[in-house]
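By written order: A, B, C and D. Residues from 1 in each chain.
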Amino acid sequence: MARPQISDSRIREYCGLFGVFGRSDASELAFLGIYAQQHRGQEAAGICTSDSRILRRHAKLGLTTQVFDGDVLNSLKGHAAIGHVRYSTTGSCNEINSQPLMVTSAHGQMAVAHNGNLVNAAEHRNALEARGAIFQTSSDTEVILHLLASPEHANTSDPLGAVMRELSGAFSLLFIFPDRIEAVRDRHGLRPLCIGKLADGKFVIASETCALDMVDAEYVRDVAPGEIVTLSETGMSTRMFVDASEVKPAHCIFEHVYFADPSSNVFGQNAHAFRVASGRQLAREAPANADFVIPVPNCARCAAIGYSEESGLPRGRGFTTSHYAGRSFIMPTQRERDLAVRMKLNVIREAVQGKRLVVVEDSVVRGTTTRGKMGALRKAGAKEIHLRVASPPIMHPCYFGIDFPDPSKLVAPTRTIEEIRDYLEVDSLAYLSHEGMLACAKQHADNYCTACFSGNYPIQVTTPQDKLALER
Amino acid sequence: MARPQISDSRIREYCGLFGVFGRSDASELAFLGIYAQQHRGQEAAGICTSDSRILRRHAKLGLTTQVFDGDVLNSLKGHAAIGHVRYSTTGSCNEINSQPLMVTSAHGQMAVAHNGNLVNAAEHRNALEARGAIFQTSSDTEVILHLLASPEHANTSDPLGAVMRELSGAFSLLFIFPDRIEAVRDRHGLRPLCIGKLADGKFVIASETCALDMVDAEYVRDVAPGEIVTLSETGMSTRMFVDASEVKPAHCIFEHVYFADPSSNVFGQNAHAFRVASGRQLAREAPANADFVIPVPNCARCAAIGYSEESGLPRGRGFTTSHYAGRSFIMPTQRERDLAVRMKLNVIREAVQGKRLVVVEDSVVRGTTTRGKMGALRKAGAKEIHLRVASPPIMHPCYFGIDFPDPSKLVAPTRTIEEIRDYLEVDSLAYLSHEGMLACAKQHADNYCTACFSGNYPIQVTTPQDKLALER
Amino acid sequence: MARPQISDSRIREYCGLFGVFGRSDASELAFLGIYAQQHRGQEAAGICTSDSRILRRHAKLGLTTQVFDGDVLNSLKGHAAIGHVRYSTTGSCNEINSQPLMVTSAHGQMAVAHNGNLVNAAEHRNALEARGAIFQTSSDTEVILHLLASPEHANTSDPLGAVMRELSGAFSLLFIFPDRIEAVRDRHGLRPLCIGKLADGKFVIASETCALDMVDAEYVRDVAPGEIVTLSETGMSTRMFVDASEVKPAHCIFEHVYFADPSSNVFGQNAHAFRVASGRQLAREAPANADFVIPVPNCARCAAIGYSEESGLPRGRGFTTSHYAGRSFIMPTQRERDLAVRMKLNVIREAVQGKRLVVVEDSVVRGTTTRGKMGALRKAGAKEIHLRVASPPIMHPCYFGIDFPDPSKLVAPTRTIEEIRDYLEVDSLAYLSHEGMLACAKQHADNYCTACFSGNYPIQVTTPQDKLALER
Amino acid sequence: MARPQISDSRIREYCGLFGVFGRSDASELAFLGIYAQQHRGQEAAGICTSDSRILRRHAKLGLTTQVFDGDVLNSLKGHAAIGHVRYSTTGSCNEINSQPLMVTSAHGQMAVAHNGNLVNAAEHRNALEARGAIFQTSSDTEVILHLLASPEHANTSDPLGAVMRELSGAFSLLFIFPDRIEAVRDRHGLRPLCIGKLADGKFVIASETCALDMVDAEYVRDVAPGEIVTLSETGMSTRMFVDASEVKPAHCIFEHVYFADPSSNVFGQNAHAFRVASGRQLAREAPANADFVIPVPNCARCAAIGYSEESGLPRGRGFTTSHYAGRSFIMPTQRERDLAVRMKLNVIREAVQGKRLVVVEDSVVRGTTTRGKMGALRKAGAKEIHLRVASPPIMHPCYFGIDFPDPSKLVAPTRTIEEIRDYLEVDSLAYLSHEGMLACAKQHADNYCTACFSGNYPIQVTTPQDKLALER
């Protein structure tokens, strides 16, 4: 019997997590907490609550405000809640993969929300299936619940710790059981996860601090790499699931470059401050003779501030943003290819006409969108375009939760800088250096994962073929 | 940790099944097949197809024509399909329980659709959970897939047969694997399941023969109690999963009394013919002095034909039916209690005014609806109402797939016939005798399950507490 | 400038009306009133209420229970309400034509709901447009509001009466103004309209008495042809808008033959009783040698009762009805032509196999559906089929509100009875005679419009070209 | 009879217009044209097309991408199209007011889309109603169509010109007739309207030039105040509907201050450039001792550039914007009042903590939102907040299409600057001077309407009571 190629690894997506324990308005706080992190995932949203006896769950495809309304939040009764938003990766929208994932085992109900990606999920899944397990989703997260339910872990003194030790890869996790929430971060701290405190002393957990701001919680500290934090009726308790010697920080530098909200602190540093610093560094590394600096909205705005400050070039505005562009709209006729760019950005022709521009971009992935934007500036009459990218060229796949396209579709791996410049049709092009990027980071360079830029993976990945695995 | 009371037994619902193998229009035939059996389940509909490599599934809450459209059917590619409709039981509407239920195991993908109810699902589930299994639904059907995936069965020469032998209760099942469909019927044949042949020689499977008529298939024979029928590229093959000695037919007599479409043959007998016979028998057992006979639409129309024929009383029409009443409509204000009845039935006042009526009903469950209908006739001026019920009083719960209310809510167990007559406010009342009912059936009386009337269960049910289990 | 062909005449549809004055639950009663008359129109539903100061309106395409819910009914505040359901005519579904149609004029707000069809709407519309009027719908109803607002009528002592005298054709109308409801019936009484009284003495108006039953109102009397009935704070008052000499009853006989609910009394006679009588008459006119009589569901069931009673042939059941067939479902592939029939009706093969059947049908329009049904019986093994139609052949168009297809598409005008029999593939065929049909009616034959059968139009129609007018 | 208070004047909203003639992809271009102007109206969108014989229309509540899809655009056949987007004013969402408004008159079909507000619509409506006209909407736009259809205009040599001369107020209009499009601008040019040319020589009309950019059209010129531009098979032609002496430009300065997209040129000047100049002027008029300048996103970003350039203070970023905030979300519980602000803006705490900020805002209306934003900065630790508003205080109502709240709800009319500063809880507050604002505008000061700031209305408004008129 032919068996479809199965792999959990296709779920390579950003996600945002939020948890709260001990509040009668738990579902509402969870809603606000994931809403504040909507930039971490726009495909699906879900919340699971506990009233200490029963778990309740609501999760669907859509934005947080589409998935939930007052009635639904009211029906999610309970004093504890975890929430999850998931990033859209083209074609993989699938209601059945919506999180939190909720199941029943011999030990009762449990649900989990996951940010990150396991690199040994396929091995676990194969082993579990060999023992008779059935899988209803294509997500690596289901593996975690199977492991938790299996007697060899369930019957140990700390089943959760035991299972966490078996997982390899990136995992910031929030579990909810009828009586408690458990927050876990892998021993590399690849994805962010932090603890906040509400005015009444109750604790919340979030991927980013912007979610703490939304619910008026004060930042307490990050969940440490290798730590399990428990929220229950007795307050907060903590334990490490690995020895201190096994903790090897490898924080995803791309969270700072692009992903985190500028208002958030992740890995002990403000994302806005990191980006301003990267812009300054970029100005030092790659100055340009120009009339002014413009960012590509919205992500490069912080880096453009830094570039402007350091270079002394005034900062202008070249694009306006449409806030109304949702899912791509299919035209009846085949229209020209740059329509998609124009439907998201308008160029301020008057501002760029005849001007020599430094254009600051946070990163370049495939290059096609950047090329469209540069073309729009050129068409509007820009005299010179000096593209400055506030991160190094992206050369390698991420196995830890970022869904970059196949390396074959990245613009950088197969081209020299000059060839990229030529492809993007700009007058000059410079990327931030690897060292320059790390110089902007607060922690020691060894504490970051820069694999997408450098190819140095903090964890050995033995099954790169997973990248090509079919989705079912 | 408090554990929620878990039981599979709450899924006590009628369902309809349809399967087809070897047709390029498989999804479309499956759609027609379940559409024709919509009376067996109006809560949810689903289809799972195989293109010999991959299974695809679409299932949602709603009527068949609401769940599917041409685009969805087109997307369900493949030459094989199984479909399922499910009955609505108040409050238990739950998308996640929609069937066919599809999973992946070590042996690839599989999906199943179930009509019936297992009585040992809780035991299996407990054992499976003890071994680490996790459950994502509250349906007993998920148990079957776990058993199939478990190595102790998967590694036998006939895993399906091995699992079927472990199931106790009512189960007509349709499985789809990438390369085949398997149709199974429990050793009692509690629920119907039949085989049909299309003009091109391909086989279909259906709960009722009315689905064969819809797709222009010729009736071949019933799937036998204890039989597994396989449809694959090599055609149809068959095997018994129990010894002949263990086959103990116990066909649900309620399929004949109420549930099957009058045009369907189930258990080797036409439902319409059974009901006409029951009406004749009723007329012999309980004649009445009246002007004419009217049925309660629509189910009792066949029995009324029989009563009229045997009694010589002309058959009239007292009610007209609204075809537009969907889910109950909630009025802003509290209106009188019989509105619900009136929104489904109009009384033809002119036809019943001043008349002595024999009203034929197929069965009486709680009595409240019947009471409303009798009240409407009385209000319209009926002079005498002689209610004749074409089945015995319902006294006992069904554990095999019919969702009767708690015995405490049935009208019959706690009342004498005279007390029921008084409650229903009719001039006379008679039920068909148990023997009279069985006399209408074609097979020997021992071949039927009459437990809801008689309390004689064909299978010992050891966990009656299941009836009270909470749904999660 | 090319001008599109404009005509009001394409709106040839059945509709149902309901009005109530002086009840705090007016919108709810209106909902029930039009729900009960859903058989008169399944395309669109609407309600307009008055709180004595302001009119509020909600109208949409869809069934009554789809268009309204508790929230909408609550928002339709006021003590007075009129409601409307409209029949679906293929391709003319158009939200903007939904009724009641509500406008503001110099005299304030007003709304109207219309059952029937005007034959001089085009002339009025042309005259109004010549004076500068603009039209937002393609409905003849908008003409009525324009006439009411025009100074030449508005400034008379009885503007409504003046306008009604200018209308030619079929019109049962319900108007709502902030302070009153006015119910009008054309001088021929072509469409039904009756008055009912609630237990608290408040009055309601409805097309059919089945709506009175639904709201527990007692039948008072019909609105007379040529009468205007006013419901207001001062109760009910009445006036004639034409002289008694101009009242020429011409009640649509097709309401009795087919359209009214069997439980309704229209034109002073119960529809069920008429149909039973027509079946008896048919049996006398066209006896048949057969085993039993079956009706084509559901409309011919009453006539079949009559045929059975008179002929002495027992009445059986040949078809079961699906209640789940909504709008036609489009299959991905081109399936055989009789699928549509099968999706609505199942034949009880066992009941008809080898039998000689009298099949009673209420009427035959195009013949294609009847042909499909007869084919299904034949396929199920019927030995002989004697089709008996409880009305004469339909030969002529209706200009008064029934949307028959073009005469060229009717089966009868171009064929002899024998040719129709041949086309329908039945063993014998007989229609009820014209005299026979009228003999079943309670009033004098002159009081009915039988134009679709006889071609005798009670009103001269001068613009038959309207039939071909395009819809915009 | 009590008559509801009727007024057209409540429709005081921004809108965006787009028209195109002579293109087979007319509906698609119209879609893109109104999509690009979505910032001018998010409540409803509509398109009306002509195939030279018949007009077709689709208009609904919702964003452009929600109202239209490929199928709908395909169904809007024709070579000519006009489109319309409408601004949301709380509580007045009403499908029936959706534009383009399409009607039929004696002269055939026509449709119109309107940006602006008539100040003599009530008078015209009263006169029209007195002559018998009926109105189906509460929009002033319906008046225009009535006037066009009325014989006294329709029978003149230039009906459109004649009607335009009768209108008083702000009106940029697009008409579509089967054979042509007509674009009109009132004699004050209160609202923008411009002409563009596609690569193939076909003309388009749009409110703002950003719509020309979207469809790749080149800007030709503005429609002149008092001009009618006709697009037809014979190309573009033009005429004035008033004498040159009556043309009195009074361009709405608020289009420059706030409303137009920064990339658009309106009234012959780029909106971005105007705003940068206003920021510069503001820096000169009201310097501040601070660490850096931050804009309130997104509208004040251009003015902040100017303030930064002129003051030499660096430009920072204090807020990040959520792109996911749609219609306000109702929480089950009553949450603190500034939640709404936080759901739209995140403060970058790290950037503002301990800093002295110049915060640039484009304008202040009620003050409540600004107050919330200032509070958020304060809470995040800002040391000093110097609020600089790039326009004068709003003191008076607009009768020409901007829906300001009642003057009683504006923050400025009843407070001194010091009192406003106190209310907003900032350390210093300055508004741009009236002269300063006009100095940034390219045209002579007399050519602008500054009524909302100055009270100098370019047109005498005689019915200020209209402001209080009820909506029906």
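Simple rule for what comes next: a contact is a pair of C-beta atoms (placed from the backbone, for glycine too) under 8 Å apart; a residue touches a chain by one contact, two chains touch by 3 or more.
Predicted, not measured: the structure shown is a model, and the values here were computed from it.
**Student:** Farthest from chain C by Cα centre, which chain is it? Let me know.
**Tutor:** Chain centre farthest from chain C's centre: A.
**Student:** Roughly how many whole angstrom separate the Cα centroids of chain B and chain D?
**Tutor:** So the centroids are 61 Å from each other.
**Student:** With chain centres defined as C-alpha means, what is the inter-centre distance between chain A and chain D in Å?
**Tutor:** 38
**Student:** Please report how many Å separate the Cα centroid of chain A from that of chain B, as a whole number.
**Tutor:** For chain A versus chain B, the centre distance works out to 48 Å.
**Student:** Which residue numbers or ranges of chain C touch two or more of the other chains?
**Tutor:** Correct list: empty.
**Student:** According to the definition of touch, which chains form touching pairs?
**Tutor:** In this structure, the chains touch in these pairs: A-B, A-D, B-C, C-D.
**Student:** Looking at the complex, which residues from chain D come into contact with chain C?
**Tutor:** Chain D reaches chain C through residues 1-4, 6, 52-54, 102-109, 126, 129-136, 145-146, 149-152, 154, 177-179, 472.
**Student:** Any idea which chain C residues touch chain B in the complex?
**Tutor:** Those in contact with chain B are residues 25, 28, 32, 35-36, 38-39, 42, 63-65, 69-70, 73-74, 210, 213-214, 216, 261-263, 265, 270, 272-273, 298, 301-302, 305, 308-309, 314-317, 319-327, 329-333, 335-336, 339, 342-343, 346-351.
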